[in-house]
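Chain lettering (A, B and C) follows the sequence in which the chains are written, and residue indices restart at 1 in each chain.
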Amino acid sequence: MADNHAPSTARNLTRRSILAGAAAGAAFPAVATAASSAPAAAPQAERTARASGKTHRITLYAEAIGDTLYGYGLAPGEATIPGPLLEMVEGDTMEITLVNTTDRRLSIHPHGVNYDVHSDGSPFNASAVEAGETRTYVWTTTGQRSGPGRMWLPGSAGYWHYHDHALGSDHGTEGIQKGLYGGLIVRRKGDVLPDKQFTIVFNDMTVNNKTAPDTPMFDAVLGERVEFIAIGHGNMEHTFHLHAHRWADNRTGMLEGPNDPSPVVDNKDLNPGNSFGFQVIAGDGVGPGAWMYHCHVQFHSDPMSGIFLVRNEDGSIPDHAQEAIDYFHGHHHGGHEGHEGHSG
Amino acid sequence: MADNHAPSTARNLTRRSILAGAAAGAAFPAVATAASSAPAAAPQAERTARASGKTHRITLYAEAIGDTLYGYGLAPGEATIPGPLLEMVEGDTMEITLVNTTDRRLSIHPHGVNYDVHSDGSPFNASAVEAGETRTYVWTTTGQRSGPGRMWLPGSAGYWHYHDHALGSDHGTEGIQKGLYGGLIVRRKGDVLPDKQFTIVFNDMTVNNKTAPDTPMFDAVLGERVEFIAIGHGNMEHTFHLHAHRWADNRTGMLEGPNDPSPVVDNKDLNPGNSFGFQVIAGDGVGPGAWMYHCHVQFHSDPMSGIFLVRNEDGSIPDHAQEAIDYFHGHHHGGHEGHEGHSG
Amino acid sequence: MADNHAPSTARNLTRRSILAGAAAGAAFPAVATAASSAPAAAPQAERTARASGKTHRITLYAEAIGDTLYGYGLAPGEATIPGPLLEMVEGDTMEITLVNTTDRRLSIHPHGVNYDVHSDGSPFNASAVEAGETRTYVWTTTGQRSGPGRMWLPGSAGYWHYHDHALGSDHGTEGIQKGLYGGLIVRRKGDVLPDKQFTIVFNDMTVNNKTAPDTPMFDAVLGERVEFIAIGHGNMEHTFHLHAHRWADNRTGMLEGPNDPSPVVDNKDLNPGNSFGFQVIAGDGVGPGAWMYHCHVQFHSDPMSGIFLVRNEDGSIPDHAQEAIDYFHGHHHGGHEGHEGHSG
């Protein structure tokens, strides 16, 4: 399998996501922190995914993070949890050269895309990477195709994910538990592109391996098109709830048209190995504010909660949102009784 | 936020559900008991939801029920578990004045509808109600809208729910555990209205905070259009199974047309914070009888089971159904061996 | 209810599935073993389900298997776990004469199809079978029908299942735990028929009551249309993951057309009482190989894993697949370190 002989092409084609990942990586754990320091400009005219059929070549570095965690990063020393958000359009190929800088066997295994047995990422298929070694994995994608009868074969488009499948066990149980996971989006040509993207992983009793109040604060401006990529890992059942925003429970989170039969939800099962994604217009119909996200399994709801901050259109933070953020950081673990004042 | 200055309008527009809730409240725990004492007349011509765009104003009383439970009710002393079933049509607004008659902090938090931070119902957003106080919450709704590309933004229509978000913890864990929850339906204009409605909440190891044989018996007449609103709460995984009836796993439970790709199910995950609803024609294709509903997680299936009674068309109870009801009440917890007699 | 007075008709109409079941039964536990000894010929022109409206009459024998298990079989001594895969087309009727050869009360209860109270299979409805006795159950099916408004009533088509509802408790908890379950498919006229069918049941911490490395190996040839029927039972949450293959999360696993909004998945919740099915083209876009299936709940992933073998087009087994099979059988429970050699 080829190495990175056309890295600039790859960088161009996946730049948005990869840059997002790199920015986040600069200040671990910084997916939200990095974003909150740079509110986006007003939304642009809608952009949509274009088919290119090209091959994206990237290098991922699997690294230890401190004494207890591991992560994937796009450059040495930049590993994050979750790893960089990877993105393709149906028809694209991605070649990932995985550099294992750790002293443990590990790998990368994707969901949703095509790969042959040599890119499976499992010890079972002899496709893990030993300590200190390097291996290239190839993922391909395809569009939906007319099939027999009236049935079509599904394409690769989806909100997927990737994760270790070899550290500590043949299923990567320890690698996943310690942070070796990330989001993978495959878009269909014409899919609407977001202004911002947030990856949220419910991994046992954590969000992105953090617990409240250290969970990520996702930061957007009123009216921005925000994309959430939600991934479940570990051993426990979870349900992802986002306050004041809802989405269609289908491929994109938006309806295909006025007769799309999909349910609309604001709470969804997020169990191990599952993933879904959706786009919302930040604060649409509800205004700016600090909105909670949390696991709705009640005994998870304290440690597994965090903030989706929707700023005013000018990028400033509403007073009530700042109060909520302060409350979350100051009083999160108790039944604080002094914060309720707006009785009608 | 305004108080009930137009209660009669609100009563008219939400009367069906609210009356159902009030009737049930008269004899707690009486959702089924009340219904079973008054079998409906033969189904009428189909009625459908009409858009009004009006504001419904109601007052909810949060009360202690005995020493260990809490409930919401539409009048003092009428709290029920679940609380009254609330209903809107896309475009409607609901203003809920919540009177906290208890000595605990509590609130109301809805799923699916729009609300600003002051109506979030969370301590985090300073929108709970202290003991003895009153607060007005405003919920708004919207229809689906054409969006960018070929994508539509989902409207508010759905089988949603509301619950406490403040009693005992910042997530209302104790309030929910003790009964502060209810159903909330938002219909799309043109949606078919049911003849009867039953709210069923799997809340930890209970159904509507009851265990068999004290779980609700839902009572309908052969051919009636019956709407189930199913809600999950607490800490455990559940799967809701209804014998002899099935529904489409989509927004309404019915198919949008002959090419609707939705799966048809008779067993569905019902995990914390999730909700779904569907309509069935009572006894359609299977006849009158006492049909079980239960959680299909096997070690939940004894305590979390109950009866959906489908009467004969004339409102009488078939002999075999009465025998099953008696069996359920007399022998539920054992592996009774004397009731099997119809071997072929 | 009538006995088998037209068995030959029944055999013709359900022969494919019933023969598959019988073949598997010859060498318990042999769903995969039997299949792997007889790779299919190259796929034929597509076949589709035809409506017949006929009545299929079969006899099922419920039997003890060894000292700790039970199963259903189509002939004495041929019980399997799971039981025979039963198949209907919307409009068909199935009459099942259940012969209870055991010394325990048991029954058969279907999901998805229509039945009156006498065929419910529950002690609650007095429709179990005592030790040594026989009972006939009747299941009917219907197509989707135009309903009120724009809504259609769903038909019976689906990937369903059947199971005991009486052994050891009124919910058949012990019967299910010990193997009394099987798949039931109801097709819509025109649905595409598969080349091969595999039933996979996640039953507590087992796959078809087996744990790795004794779990079934599903065996197909590159390009075959393979149908999986996945069923959940017991007390635990599970998520079914299949490597290198994906399907639409809708009724059939294929898209109804290019605008079908269904998500595409390769990992799906499979909780107690739930079932789903899908068809994949074996090795499509990924080539032949030994592909893992497993529960993605991490602490289930070792015991609840197995192999989907995709042979070369000529029916031979690729070397890398044989190595993976050997690895699975020889080193499954450890973190074998000597099998990773193909570093890039």
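Keep this in mind: a contact is a pair of C-beta atoms (placed from the backbone, for glycine too) under 8 Å apart; a residue touches a chain by one contact, two chains touch by 3 or more.
All figures in this text were calculated on a predicted structure; none of them were measured in a lab.
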If I superpose the C-alpha trace of subunit A onto subunit C, what rotation angle comes out, expressed in steps of 5 degrees from 0 to 180? 120
Across the interface between the identical copies subunit B and subunit C, with over half of residue numbers shared counting as same and under half as different, the residues used are different
From the mean C-alpha coordinate of subunit B to that of subunit C, what's the distance rounded to whole Å? 34
Listing for subunit A: what residues touch at least two other chains? 237, 248, 252, 255-257, 260-262, 269
Give the list of subunit B residues in touch with subunit A in this complex. 1, 97, 105, 111-112, 114-118, 120, 122-130, 133-136, 140, 142, 144, 147-158, 166, 168-171, 173, 176-177, 232-235, 237, 248-252, 255-257, 260-262, 269, 271-276
Touching subunit B in the complex, subunit A uses residues 46, 48, 190-192, 237, 239, 241, 243-244, 246-248, 252, 254-269, 281, 284-287, 289-292, 294, 296-299, 301-302, 305, 320-321, 323-324, 327-328, 332, 335-337, 339-344
